[in-house]
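Letters are used for the chains, namely A, B, C, D, E and F, taken in the order the chains are written, and counting of residues starts over at 1 for each.
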Amino acid sequence: MADQWLTSLITPTPQAGFELAITLSRRGVKYAQPDVDVLHKLRPEYADSAAGLTAASQVVAINFQTIAAANGYWRG
Amino acid sequence: MADQWLTSLITPTPQAGFELAITLSRRGVKYAQPDVDVLHKLRPEYADSAAGLTAASQVVAINFQTIAAANGYWRG
Amino acid sequence: MADQWLTSLITPTPQAGFELAITLSRRGVKYAQPDVDVLHKLRPEYADSAAGLTAASQVVAINFQTIAAANGYWRG
Amino acid sequence: MADQWLTSLITPTPQAGFELAITLSRRGVKYAQPDVDVLHKLRPEYADSAAGLTAASQVVAINFQTIAAANGYWRG
Amino acid sequence: MADQWLTSLITPTPQAGFELAITLSRRGVKYAQPDVDVLHKLRPEYADSAAGLTAASQVVAINFQTIAAANGYWRG
Amino acid sequence: MADQWLTSLITPTPQAGFELAITLSRRGVKYAQPDVDVLHKLRPEYADSAAGLTAASQVVAINFQTIAAANGYWRG
């Protein structure tokens, strides 16, 4: 995974920060399982499961804490 | 998901902040599963399960940490 | 849920803060499942289960972090 | 639960802080299940289970974060 | 458990801090289950299970947050 | 595990910080299960499981919080 995908935690808006938190969460998965076909096959396991979706939302929440702090909470 | 739904983390009261934390938690789910019909079908899986509800409450608690910090804990 | 239940995170003592953390944790559940009868029916699922009680205690711990920070840890 | 059990987060040493974190974790359980007989009956469910013990240790870790911050990390 | 095992959160290096985080995580388990024979018997339950190892690593991560903050992140 | 593997939390970029977070997460596992053959055998248990991958991503997110704070969020 030699590509450059994360050069800054700073985002213009909270929503862009939330979307970056989603990117971080997915990257955390991809580093553990780089095979896109396997990831595709596993998708229903969490996307069609309440427990899986709640767990995914929790990882996003943790990453959003980091990004929000980095951006001074976009207090303006 | 092109709509603008998060322009600020600042809320007038702690309760409004808690409700924003719920919105963030739901959005974290929606980004992973945008299909509203699937989400509707999955609802009983967590809303009628003690473990599912506790997990949902935990995601809210994590997002509320972020929002409370953003608002200086509404110390006034 | 139009009632006003959270107007401040400030509490006179750490114990009152811990009890507010419990309130927040329960409210997180109630927003996801507002039907009191369902909640009542689900109670044994977590209150008579070690895993359920540990999970509940974890949500309280997360909310207590927020409230303790809000109160400057009641350092006096 | 009218007794006063938490009047301060300040402890003389990190170890006393860790032990207070354990107290908080147990209290989080007790508020959800005040019946001591039930708690006693449930004990093997987590104390004889690796998953249960790891989960318990995680709640302690979260509460210890709060107490360590309250004590300025006992930096002296 | 009258022995003194935690007199400071300060460590000379990040790696020593990480190892202290492991100690804290194990102590969190030991307070809940002091019987070393039981702990020994339970070891395969988590050490030979991906879920168990990930959960253990998560507790270490949480304790490492505390220790890293205590040490000013060993910034220099 | 006498080797020196963590001398600093400072990284040149957020992406390098994220990769260090992955290293910390794996080390947390390795301290609990140092046998590389066992780890290799367990890999499919989490890498081919949505729940396992989400849990792994969560540990990375927690460690990334620590590293991001250590680096002042690479604010420049």
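Details
Basically, a residue touches a chain if its C-beta (ideal position, glycine included) is under 8 Å from a C-beta of that chain, and two chains touch if they have at least 3 such contacts.
Please read all numbers here as calculations on a predicted model, not as lab measurements.
Ranked by how far their CA centres sit from the centre of subunit C, the chains are topped by F. If you average the Cα atoms of subunit A and of subunit B, the two centres end up 15 Å apart. For the pair subunit B and subunit D, the distance between C-alpha centroids works out to 27 Å. Shared interface positions of subunit D, defined as residues touching 2 or more other chains, are 46, 49, 51, 55-56, 58, 62, 65, 69. Under the stated contact rule, the graph of chain-to-chain touches is a ring, a single cycle where every chain has exactly two partners. Listing every chain once round the ring, from subunit A with subunit F next, yields A, F, E, D, C, B.
Across the interface of their complex, subunit D is touched by residues 4-10, 24-29, 31-33, 38-39, 42-43, 45-46, 49, 51-52, 55-56, 58-59, 62-63, 65-66, 69-70 of subunit E. Residues 13-15, 18-19, 22, 46-51, 53-58, 60-62, 64-65, 68-69, 73-75 of subunit C are the ones that touch subunit D when the two sit in their complex.
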